[in-house]
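Lettered A, B, C and D in written order, each chain numbered from 1.
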Amino acid sequence: MSLPTLDFSLILPELVVLITALLVLIADLLWPRAASRGREQAPAVLALAGLILAGLLTLLAGEWSGATLQGMLVADALARYLNLVVLLAAALGLLLSWSYLPHFSTQRSEYYALYLLAVAGMLFLGKSIELITLFVSLEILSIALYVLTGFHRGQLAGGEAALKYFLLGAFSSGFLLYGAALFYAATGATRLADIAAQNAGGFYMLAGLALFLVGLGFKLAVAPFHMWAPDAYQGAPTPVTAFMSVGTKAAALVALFRVVQAAGSVPVGVWATALAFLSLLTMTLGNLAALRQSSLKRMLAYSSIAHAGYLLVGVVAGTAAGFDAVLFYLFAYAFMNIGAFAIASLLERPGFYAVQDAGIHAADGLFGRRPWLAVAMAMFMLSLAGIPPLAGFFGKLYLFAAAVESGWAWLAVAGVLNSVISAYYYLRVVVGMFMAEPSASAHLRLPLPASATLAVALTALGTLLFGLLATPWFQGISR
Amino acid sequence: MPLLFAALALIALVGAAGVLLSRNPVYSALSLLLNFVAFAVMYVMLSAQFLGVVQIIVYAGAIVVLFLFVVMLIGGNLPALGRGRRAYVRAAGVILAALFLLALLFGLARPLPNGLAAVGAPDGGSVQALGLALYVDHIVPFELASILLLTAMLGGIVLARRYQAPPKD
Amino acid sequence: MSIVLLSILKSLALIILLLTGFAYLTYYERKLLARFHVRRGPNRAGPFGLLQPIADAVKAIFKEEIVPGHVDKLIYIVAPALSLIPALVIFAVIPIAPDLRLGGFTLQFHVADINVGLLYLAAIASVATYGIILGGWSSNNNYALLGSLRTAAQMISYELPFGLLLAAIILTTNIGREAGTLSLIEILNQPRPWWLWLWLWLAFPMFFITMLAESNRSPFDLPETENELIAGFQVEYGGIKFALFFMAEYISMITGSAIMATLFFGGWRGPFADPGTWYGPIVGFGWFFLKVVALLFVYIWVRASVPRIRYDQLLQFCWKVLTPLSIGYLVLTALIVVFVG
Amino acid sequence: MDLTTFPLLSLILWLPVLGALALFLFADARSIRVTALVVTLLDFAASLLLLPRWTPDGSMHYQEVLAWAAGLDFRYHLGVDGISLWLVLLTTLLGPIVVLFSWRNVTENVRSFFFLLLIQQAGMLGVFLSLDLILFFIFWEFTLIPMYFLIGQWGSGRRVYAATKFFLYTMAGSALMLVVILLLYFQTGSFNWLTLKEAGLDRTLQFWGFLTFALAFAIKVPMFPFHTWLPDAHVEAPTAGSVILAGVLLKMGVYGFLRFCLPLFPQATAIFLPWIAGLAIVGILYGSLTALVQKDVKSLVAYSSIAHLGFVMLGVASMNEQGLSGAVLQSVNHGLSTGALFLMVGMIYDRRHTRLLAEFGGLWRQMPVYSALFMVVVMASVGLPGLNGFVGEFTILLGAFRVNPLWAALGTLGVILAAWYLLAAVRGLLHGPLDNPANQHLADLDRREVLVLAPLVLLFFLIGLFPALFFDKITPAVELLLRDVGPVIGR
């Protein structure tokens, strides 16, 4: 007997993120806060450097071959693109945290370490091709996010959000685990490839897949498993919301895609129809609920639910093109959604014991105060609504095209109609910024920290150009 | 052996019932302990000694003790559990339990699925077999689990610390 | 069938041995403490007071059984037993002498050779908490409850370094061999190179401290501090039930010493304790007995010399000193196993 | 410079965008205005370059194809034929006119305003030039954004309501079009208009395709009963916005019918033509009658737009050479004359900040130049022979008559009504006593304003007197269309 040799180069970016997390954790020891002013941001700098390094490693490595680490983790093109989108979202969220976190917490090392651990969990989840690995990765990211959600401990809403997220999340983990157990029962294998090879049919696979859908559905905030999302998204510190609304979705979608592909023996029509109805329900519910929100953040939370519905369309299509579209949309979504949350975070006035939630009218008159910010926000809103030529439009185009191609035209119809509904509440924000009288607080100076400005600039640029330029990039990733 | 199994099963059932029926949280916890121990012995009987012992160390030795710790810390004057619960909640519970029982019976009535038929190799639960499974076959999720624990620990520390607002400047 | 019967017989013998041991451990302790205090100790009952333990036992047994009205009866009565049983049961895996071969028949001087013996130790040690916790809780008395809480926190905390050190010892069983083992009997049968003994003895003080804490011995007897908690968890207990708690503590001392003797000092091994010979078991048991008594002496020595520490110090010592140290020890051991072994 | 290979269409399309970006080089309002004017003039000049080498054969000229996307094969594919040519020219012509008009009366956020005007122009040009359905859809939807902001930020009164209604209405209409485009793609493997129109789609797809496309275009035109956004948007928009809305945006709907609905879904066209004709006639009558009772000049003009576009759609529904050619020309005519009307309404609004007919009267005396030009513009709009309106309406009615005399009869009724309400406006504004003291010191048009109107007025006459100049480029394209579609619908 000898210990297995593992090719760690396959998970190099993940390792970089993990090691950075550990370094960040001891950053406080190396640079005690009180002793050295000006070095308070050392954890953030470290974390950002780690994320960028991981991103570069992913980018420069070229196409990933699909080699696996013991059949547990796979470095394939899908994982590569997921890496990129998660790292992008994480870096953008981190830029937001930079100036946001000091308003309410002194625990920087802990914050950034948990943040990086969540990132690592997402990256691992995207590479998981085995049930146990998948579950453990999912839990890493979930637990880190539960805590990050409640990180603003001076504020009751944060605690409530974290508790709800935790309870429902733990519940959903149970579903997922049960699903995995049933898969194992049916096939005696935990590796997805083996499960697929067994081609075992029958009740156990079906029930297992159903439970898996429920479990991942919770993480994706798919209706009717979305109840935690509005509270969690609203109560969490805004940078965390921005990051997790994209990162969790991305990783869970990849996992869902892999699982669905492995459960090949379950007739496609069965799970695809189930997913299609979930998708329809999700986008409709998310959009209708978003119409009536009075808080900007909560509105964006519901919009995020609706987008989970759109994203599911690509999985329903079940084709490589469908998932290419999902990945494409995730990139677009990372830009536009994080951008929107970035501006929401700038509009909040973070107090020490309570972050004043940005109401729907917080942006009123923004064009007069910070014209470029308003222009960027308008771009994010229009892109979220799917107006060309912004990134969101191309994302939807690809998603709906995949759906139409696989014969899900009615779902595409539902999708475009939902986009129209969503345009209404996105426009409300735009109306406020450009056409309404400034709100009562408009005379206050709106501070614009450099890091957040950079994040807004990057996301705005991405929203504007990604759709136009990146299309040739996304071909046949998911095969 | 079947006799021993029956006895253990009975103990486990009594323990489980005790968890549900006890009005006193301490008794509930102790019933749970009984249940755990019965299962530990069953694991040993299935030649999964390691699992049996770990069941005792983790569940009996740590988790139930922490339950008790918390119950005592909160105080002895806990309102008796299960009072004031609505009728429909009870009904829902009963119905769900019945459904679960049905599902179990359904599962048992069917032939064993392929995956489970292969399981149960002799000595599959020995330390050696388990070690091989953990450190050779499943080393990746095993290592990931260490990250998970680190995350949980860090999270626990963050939440347990007294909140300190940053200084105003 | 005969195996089961044999096991039962062995268990009975072991129990008798332990109970006697307990009785004379009290005598041993009182005598020693007296010497530390420059007194004489028990000297009335029998020669050198040797019958004192028997007198105590008779007294405890014939005391009136009192169950106070405000206690939770069931648990109140069960708790002392719960506390004693683990202390007794743990001994089952400890070999007290080399095998005796008579013709074709081999008599082994342990009740069971479980192949997860070391983990069994940890498991039983972790359940030993219940007796004290429940005793304190069921007494329905604030002092007793505080004692219980202390026990719970203390024992769970100290299980950590205990487990880590056990893990380190388990690791060393890999040295120079195909595979390691978790069985105490196997461990005894393995030859250890001299440097390994030295390395293990480095861990002995830490291990000893955790054993002190696990058996609630001074200076870690916080659950029963008479000056602040008026005897803590056992304040409502009297008669034979009190004696059972008392017994549990002392037997766990014996057990602890036996474990340490086996893990760190070679158990029954010693000159002339040759397995397979007719005299081997006798000499082996002699060595074992000597080692245990010597370790017990250290227990009592510590009690006589070290004052009780404060509760916060107790926990801080565990989390901030002992645990990191044992983690470090585990890591170093692992390195040694990989690079030397 | 070799015009056959030079990407002239791209130049026309992207020049305004570059110009829009160039606005950020300047800080002062004057430089921005000048830049915008120069850019729009250059664009107009560039589009005039299309004319000299035009071969009137009805095919697509100046095509440019660039592969663009992966996965879905949509391309950057531009082209122009006789149908789109004049619409492109109309767009580029209105560009400098609108910029010049907004010279003084836009004082807030000058840069944003001209930026939006310029990218609006690019978007509209993109709609007329795209031969790839996705590209078309992108431009089609994109035109919403600048117009939305123009109405919402520089509009008057209930501008937010109007802007949002405009946006949601048109977006809702066109959303489903995307799905149909995708369906077409997966049936034929192409987004290319040239390929699709030869593809011979199956009947069901044609039916639904026509319905969804027609919904999008009918809202844009707007056809009765999808017109309700228009009065709001026109009335609340700033003058420049109204001009562009009436002049070009509405034509996108007509153009959509001509370019996509008819050639791509001929079988469905056969089914729906009577309905279109019916709705067009209802639109003519409804628009005219509603215009009659308006108190606000601008809403009067807005409702007149509904009526005029009804004529255009009647021409489309006629589905013969006269009808279609007339529809194209009348689209241009309406863009010119209604654009001019909005400009002139805007001119007095700038002076009086009201548009109520009751507030005016007797301007003839005070503002002779204005009044003269106003008469010309009204006459052009009414369809006085010799002016452009007559040519278009007459051709359309001719086409309609050949299909169904009743259509033509009802259409003629619309002409009469148009004369009625427009002359009512003339009476209210120009005639009568100059009794409102606020009007007694109004300045007449200055040079800039005359300059704004002059090219339009010139064109009224040019089209009115030499329609053949225009028809000879339109007709071949229409004939080509009819050659493909006519047999299917039996005309």
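Odds and ends about this structure:
The definition used in the following text is that a contact is a pair of C-beta atoms (placed from the backbone, for glycine too) under 8 Å apart; a residue touches a chain by one contact, two chains touch by 3 or more.
Here the structure is a predicted model, which means the values were calculated and not measured.
Shared contact partners of chain A and chain B are absent; no chain touches both. Interface comparison, B-C versus A-D: the higher count of C-beta contacts falls to A-D. With centres defined as mean CA coordinates, chain D is found 72 Å away from chain B. Averaged Cα coordinates give chain B a centre that lies 29 Å from the centre of chain C. If you average the Cα atoms of chain A and of chain D, the two centres end up 43 Å apart. Inter-chain spacing, taken between the CA centroids of chain A and chain C, is 53 Å. Touching of two or more other chains is recorded for residues 179 of chain C. Shown for chain B are the residues in touch with two or more other chains, of which there are none.
The multi-chain contact residues of chain D, meaning those touching 2 or more other chains, do not exist; every residue touches at most one other chain.
Working note: touching chain pairs come out as A-B, A-D, B-C.
Chain A contributes residues 321, 324-325, 371, 382, 387-389, 393, 397-398, 400-401, 404-405, 409, 412-413, 416-417, 419-420, 423-424, 427, 431, 434-436, 471-476 to its touches with chain D in the complex. Across the interface of their complex, chain A is touched by residues 68-72, 112, 134, 137-139, 141-142, 144-145, 149, 152-153, 159-160, 163-164, 167-168, 171-172, 175-176, 178-179, 182-183, 185-186 of chain D. Chain contact summary for the complex, chain C toward chain B: residues 72, 75, 114-116, 119-120, 122-127, 129-130, 133-134, 137, 140, 145, 148-149, 152-153, 155-156, 159, 179, 182.
On the chain B side of its complex with chain A, the touching residues are 110, 113-119, 132, 135-141, 144-145, 147-148, 150-152, 154-155, 157-159, 161, 163-166, 168. Within the complex formed with chain C, the residues of chain B that make contact are 26, 30, 33, 49-50, 53-54, 56-57, 60-62, 65-66, 68-69, 72-73, 76, 126-128.
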